[in-house]
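Read through the structures below before going on.
Shared between the two complexes below is subunit A, which has subunit B as its partner in the first and subunit C in the second.
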Partner chain A sequence: MGFLRSRKFLGFLLALHLAVLGVCGPVRAQDQPLQLYEEKIKAGLLYNFLKYTSWPTDSAGKGGLRVCLLGDGPFDTYLYPLQGRMAQQYVIAITKIANASEAGNCSLVYIHRDREDSLPQILQSLRGRHVLTVSDIDQFAAQGGMVEFGREDQKIDLLINKNAVDAAGLNIQARLLKLAKLVPGRNG
Partner chain B sequence: MKLKKTNSHRDIRASVIMTAVFYFLSGTAAFAASNSIPDYFSLSPEQLLGANVMSASRRVEKVAEVPAAVYVITQEDIQRSGMTSIPELLRMVPGVDVARQNSNTWAISIRGFNNPTANKILVMVDGRTVYNPLFAGTFWEVQDMPLADIERIEVIRGPGGALWGANAVNGVINIITKNAADTQGTHIVGGGGNYEKVFGTARYGGKIGNDSWYRVYAKGNERGSFHSSGLSGGDDNRANDSWQSYHAGFRMDWNGHGGPDTVSIHGDAYHVDADDIDESFSFTAPFTSFIPESIQSIGENIVGVWTHKYESGANLRLQSYLEYTSRNEILFQDHRTIFDNEVQYTFQPMGRHEWIAGATYRLTSDNIGGSDEITFDPDSLTQNLFGVFAQDKITLAPDHWYLTLGGKLEHNDYTGFEIQPDARLEWLPDPSQTVWASVSRAVRTPSRIERDLDIDNLVVGPGVLFPGFPTEVELAHNKDFDSEDLIAYELGYRKQISPAVSVDGSVFANDYRRLGNDTLLTPFFVPAGADPAHFVLPIEYTNGMSGEIYGAELAASWKVNPRWKLTAGYSHLEMFLHSPTVFGFSQETDEDRSPQNQFSLRSYWDINDRWTLDTMAYWVDQLPADNVPAYLRVDVNLGWKFNKHLRFNLVGQNLFAPPHREFGPATSANVSEVPTSIFGKFTWDF
Partner chain C sequence: MRSSDLSIRTTLLLIIGVLNLMIALLVGFGVLRSWTRYEEAQDLQRSTTVINYIFRTQKYLSLERSDTAPIVYTTRTTTANLLDELISNRILADGQIDQVFAAMAKQKDPTIAEAMAKVRREYVRLQTIRYRVDQALVNPVGQKSEHLSDEAFDASTDLIMGLKDVLDIYTVPIYEIDAVATQQIRFKYFIWEITEYAGREYAMMGKLIVENRRATPELQEKLYGWRSRVEHGWEIDHVLLKTSRLDKSLGSYMSEAETHYFMTFDQIKDMFYNPASMTPGTPYPINIELWLELASQAVDSLISLKDVSLAETQRYVDDIARKAQRDIVESMILFCCAMILSIYSWSVIVSRVLQPVNAMVTALYRATRGESYVSPPVTNRDDEIGKLALVLQAFQENVRKIRQTSIELEERRNYLNAVLSTMIDGIVAIDEAGTIQLVNRAIEGMFGYGEGELLGKNATTLMPAATDAPPRLYLEPFMVVRKEKYADRNREAMARRKDGHLFPVEMMVTEMSSGGVIYFVGTLRDITERKIAEEEHDRYLQDLENSNRELDDFAYIASHDLKEPLRGLHNFSKFLLEDYSERLDDEGRNMLNTLASLTQQMEGLLNALLHYSRLGRTEMSIRETDLNQIVQNVLQMFSIKIKETGATIEIPRKLPKVTCDHVRIAEVFQNLIGNALKYNDGGDIRIEIGCTRAHPQHPGENVFYVKDNGIGIAEKNLDSIFKIFHRLHPRNAYGGGTGSGLTITKKIINRHGGEIWAESPGRGLGTTFYFTIPQHAHDGRAASPGEAARPGGMA
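Right after this comes the complex of A and B.
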């Protein structure tokens, strides 16, 4: 085994590396899909729901579009820059709420994963209101939530429970619906 | 013992400047590499749903995809094993040789060269190196923590020098503890038994604000003595090796509100008292006398880690730690401060290339007291270690062929520059199979004892070496002792045969050069004077040995049904060392201090929702060098879950076997026989 003197070995490695660089070359940037933090993708999507959902006229408009955050999570940090931005001529306002009973004048309620245990009660108390419910809790849409941010391998996917959306008197534009998986589920 | 003051002030100041420069350079480089941030609110829903999710753990590959002989001990393995210490846990890893010389001393190695002073593996706890630069080995009895706080132990067989630097020659053991967010609440463990006299752990984890978690812990163990193997035993046949250990520590994790930064700060302190027998020598019969002593070890460390993930997909990791350790025994007293800094930058993937690069800087400052038998020259030393490393994982064919090239360049004060390159080729014929092959070089740089130790007064009686008069063996320090060198060739295969069955095998050929051995200088006679007449045999520690080691390791796991899991391991080892014979004594006996064959079989059985029965069997081949017979060790762990919060375990270790030696000659004062141990334990989580 004494044939490999270390200096020779190093030279061999260097030559090998150069050969590989030459053969494979760098792949062009277009080949790489866009890479984003999970929270940013979700925040971006949530903004799109504010743009492409219509609320009954009596519920939206007066206080602007109120986004209420229920629970704690890293997502909040990425959503706050929306504060004061416009969607459908309404000003977006973001507030944290302590429990679902405070969701009275919210247009959209985002439920964090740390509230998973009390999800049935939360959905129950929001039933019959014109509130779009959004969450990344697993099986959210199937349990009666409206918009679920799921995860499919390396990507985020959308699951929408159309029954629940309709029952709340809301209308999500086809542009978003056609990107989503429609989930049969209870209506809230 | 004379304690010299060196110019340590200047050394410390220089090191502070070095560290500042180090961080400045690494920070600048990282900043330059970061990319601008796209406005995610201006992206279309199609773009958002088409984007790849990026996370900090992108680079944490599944073990099945790592092109090396990796074995992971999980938290489940730790709980099921019934083991109470980190060294004992390593028994379950194929290819690792765990031998307990006495109650508080372990010999642990990977792929050969086992000894309590085994010096060819790197051991880390959360990125902190815990082997002692005094002898480049690990004092296993001081490595402890609440075992429930360990997330996993990764054992890499084979060289890891390209990433981790010198001393990762035969393997790397990396103990990774849980994030504080995962150890919330109160955790209390207590129990006792015939040998595990009494033990207890208390840990509390809490939350500060929205995004910070912490835990604090304290742990104590009192362990009894083993059976004497002969020389040292009193009337009751007890060895002098009982010990007490106390550990306390904390960890704080800040997750930066899910943002790009995380910070982790942790620290530990320990105090261990271990009974031992010191051998001292004189020129008159019986030449050797035995003095019982208690070796006191203390240690403190604090570690800070900062990570930052860039939008581009790049990652930056900065780690610094400060550690103080001391060990006091009659033979020597070691006091040591280590200040270590590491920066690692993982670049965003560039085409087919995924680069990781980094730099390390370590300052070690020690002070070693001696005794009649040994002295260190110099007795105080400050050393600097610099290193840079880079690794490129190249996708040759996506999902099928990968080539990883890497290397570390280090500069140490003893031997100057050392380079450790590594090439690994990986083939995934399909997602269930991995074939890999590697060639790597690793070095073990000299330790303090190899460069600076003088042994002055080791006396053997007349007739052992020379007739008529006693002989004093003198080891003179060798300032020319060079690094030991390894070129390793490895081949591995992993397959997930079915969802329930997986196998993992590896073979290797290790080619060592410049291994340490003793070289005789010319003996001479000293007439009666201050000491009685005697011969002197001067020896020198040199790089005169070479060797080859071949071996294979196999691990298989089978989930028989949802309640029963079986795991088996086998390893084989062939060592061939070449060294000149010294006085008729072979120096190649290390060949016969590592077992040729080792088997293990573990069974995890959930009898029902409350009861578990876990059985472990380990068979270890004989060690002919010291006439240690082969042995079979059987452990049984019976668990009963009283409710969600409270668990009881009854553990029997080394059952159905008489006390037996695992390492070392029966005639040595510090070699004991391992007895059967039975203990009860409760675990209370709330």
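Right after this comes the complex of A and C.
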């Protein structure tokens, strides 16, 4: 289909971009693009996790890769283009969920910062499921999350709680793992 | 063998040969094409392998380039992972480029050699740069040369581009082999281009991250240029994906690679393309290792797409090769089958058609030259040739029979000619127009013509016109046979000799049809002498009749006229005895008595003579007569005598009705029965009256008889008893008589055209008188079968 070639799509992207800029009005002007770039990088990273994580055969693949978004954030905007695309030859589906109990058939749950308060409950409810948990909440990995998009020296940092990943029966390829700081946090 | 026969055979063989050759050529061409295809496929396989080497070399060179650019700016510790990758990529690149060198060394194309020479130069240059990079790695970060980074970038890029040139030249011949493979290679080429320019992008971006610099306008221009190449590549590959039949197997891979590229480059690279959006001094929000990993992973997606595509192409090419191989086998089998079929059909035509036909033709040819016909050994076959041979055999048999028949016919003709020419009767055959078609020698002699002189002449030459007959009647004797097939076949006519002399002929004409033409065949006989004899005979007969009649007339007149003076003599002798007996003595009276009795006797003789002569003079009254009635009347007349003598009259069966003069025939029975009663020595008189059809002298004819057991007749007298006035006994013995009865009887029977005769075993043994009354002499009516006498009984 080549959505990269689609001018309509590019126009749509531009409009979306402007809308996001409008929404994020209160943010400082100099910080605004940087934050957007960070979100974009995170979206790119997330795709890499979809691509290089392997789920147990009974959990993913049948209905495609299901990415569930818990909470709200500008990040979503950059993730939506993945809707219907492919990773590991599976179709990606992106849905917003209101709470963790809806994450039953999700392959990956992204928890926005606005859900930081209820994180323990969320992680608790997802325990034992083959769900990769990703978030940019501080200390996410340490609290039992699996992949944390952190910050260090103004750069995106990748933290992975290998125990939690292993406990969920998931496997992240070494080429991603080697880029991350492995956090000895709880396993969920 | 005539040349035309040979040429037909040769032509036939030639046509079959050419047809077979064409089939063989066609199939052979198929084999050749499959072979060529196979060779092409093998070329394609080899080329695909070489292309794979080039692509892989480019891949590893590209990865090396991406690794090199940032590595010269980072410390050794932080780049440990990168360094491992760099070294690994270098080794892999070296391994692949060695394969390319090995493969290209075999290439004779000068343009390739030239391009390869450039690649070799660039490779040497890269080696030098690598050495310098390795040297620089040990230096502290601040002392690293920005220049070296660019140099390394350029050297890698130049080598990659050099390899691209080689690829361009190398792939040209492939484009001519297979369209799909070409499309697939083109597809890969553009994947490579995406990879290459994306690689340049991310190498340059990595350098910017490491240096924490913003892109200069020149660099921006460069980046935009590369980006447009990438986008162009995607655009083209989307088209090529469909045309190269790869969309099924590669569609999802391409979609994924595209997504990956988009997520990595399009989303992230904005900050490099749009330096104004970045606060000066602010670092990029991503560290170099993460960037390099992300970028290389995106590139990996592209590369894996390319690898899958390469595998697809390999499979496709292998399929072509396999198919070509199969085609070759199939074509070879087909070729062998065609050849076998061709040879078989050739041999079948030669052995089953040409040879038998040739044998037949030879046999026929020999047969026509009079040599003996040898039947070709194919007559036992049930096909057309076998039938033809049978037909020829039958034909030959017919010819032999015809020849045999013609010999026989010739002999027969000669024989018939001999018969015809020796025949005394003349034979003449004419057609309906009267033209003479055939005459025999007798005709020529009879009419005084030379041999063959009459043929073609009209029949009128032989049969002249009667003086007062119309000319049409010349043919009348011939034509009459048409009207009355066989009636009146024998007729007499007048013929004309060559000298004009007319003579009588008896001719018999028959009609015959030969070959649809009607002929009349006349058998002519010269009857001049017979005519003369017949005329003489008729004349004698007439004379005889006249003399008989005169004799009868004379006898009648004589006896009638003699009776008057005799009666006078008798009367006067009676008067003398009555009136003058006293005057006469005894002797005188005796003499007078004798005179009277003699005159009386003479009167009896004259009466008999008169009666006899009257028989020849009066006409007979012929009609159908019941002989039984006549016999009964006669017996009635003799009834007193029969009673006196006690005679037994026997009629074994009824007598037939006959056509006759009944008065005369009654006289016959009267005479014969009277004689039977009279000539008897007394005792038991037995008389049998009958009719038999079994008499040896007249078998099948009614022979009447009167049989007695009387005195019989000596054999010497059997004929003389029918003479007039002839008596076997003294005058007054057996009651006396004139001796004219049997003479009259014979005359009556003769006048009826019959015969009369007597049979007697001897004196005292009885007599049988037989007589016949032929029926045809009167009106042809014979006695009916019911009244016919049956054999047996008194026969």
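Going forward, the second predicted complex is superposed on the first by the 152 of 188 C-alpha atoms of A that agree within 3 Å, B and C clash if a C-alpha of one lies under 4 Å from a C-alpha of the other, contacts with A are read in each partner's own complex, and residues count from 1 in each chain.
Rule of thumb we're sticking to: a residue touches a chain if its C-beta (ideal position, glycine included) is under 8 Å from a C-beta of that chain, and two chains touch if they have at least 3 such contacts.
The shown structure was predicted, so the numbers you read here are calculated from the model rather than taken from an experiment.
When the two structures are aligned on the shared chain, A:Leu34 is found in touch with subunit B and with subunit C.
When the two complexes are overlaid, the chain among subunit B and subunit C that reaches more residues of subunit A is B.
Once the two complexes are overlaid on the shared chain, A:Ala87 sits against subunit C while remaining clear of subunit B. Shared-chain residue A:Arg175: touches subunit B and subunit C both.
When both complexes are overlaid on chain A, the residue A:Asp138 reaches neither subunit B nor subunit C.
In the superposition on chain A, contact of A:Pro74 is made with subunit B only, not with subunit C.
In the superposition on chain A, contact of A:Asp166 is made with neither subunit B nor subunit C. Contacts of A:Gln154 after superposition: both subunit B and subunit C are touched. On subunit A, the surface touched by subunit B in one complex and the surface touched by subunit C in the other have residues 1-2, 4, 33-34, 37-38, 40-41, 43-45, 47-48, 78, 81-82, 85, 154-158, 175-176, 179 in common. Residue ranges on subunit A touching subunit C, taken from their complex, read 1-5, 30, 33-34, 37-38, 40-41, 43-45, 47-48, 51-52, 78, 81-82, 85-89, 153-158, 175-176, 178-179. The touching residues of subunit A, counted against subunit B in their complex, run 1-2, 4, 6, 9-10, 13, 16-17, 20, 24-28, 31-41, 43-45, 47-48, 72-78, 81-82, 85, 151, 154-158, 175-176, 179.
Residue ranges of subunit C in contact with subunit A, taken from their complex: 81, 231, 234-235, 238, 252-253, 255-256, 258-264, 266-268, 270-271, 274, 277-279, 282-287, 289-290, 293-294, 297, 301. Residues 38, 40-41, 43-55, 210-211, 255, 257-260, 309, 311-313, 348-353, 392, 394-396, 403, 405, 407, 419, 421, 423, 439, 441, 485, 487, 509, 511, 513, 548 of subunit B are the ones that touch subunit A when the two sit in their complex.
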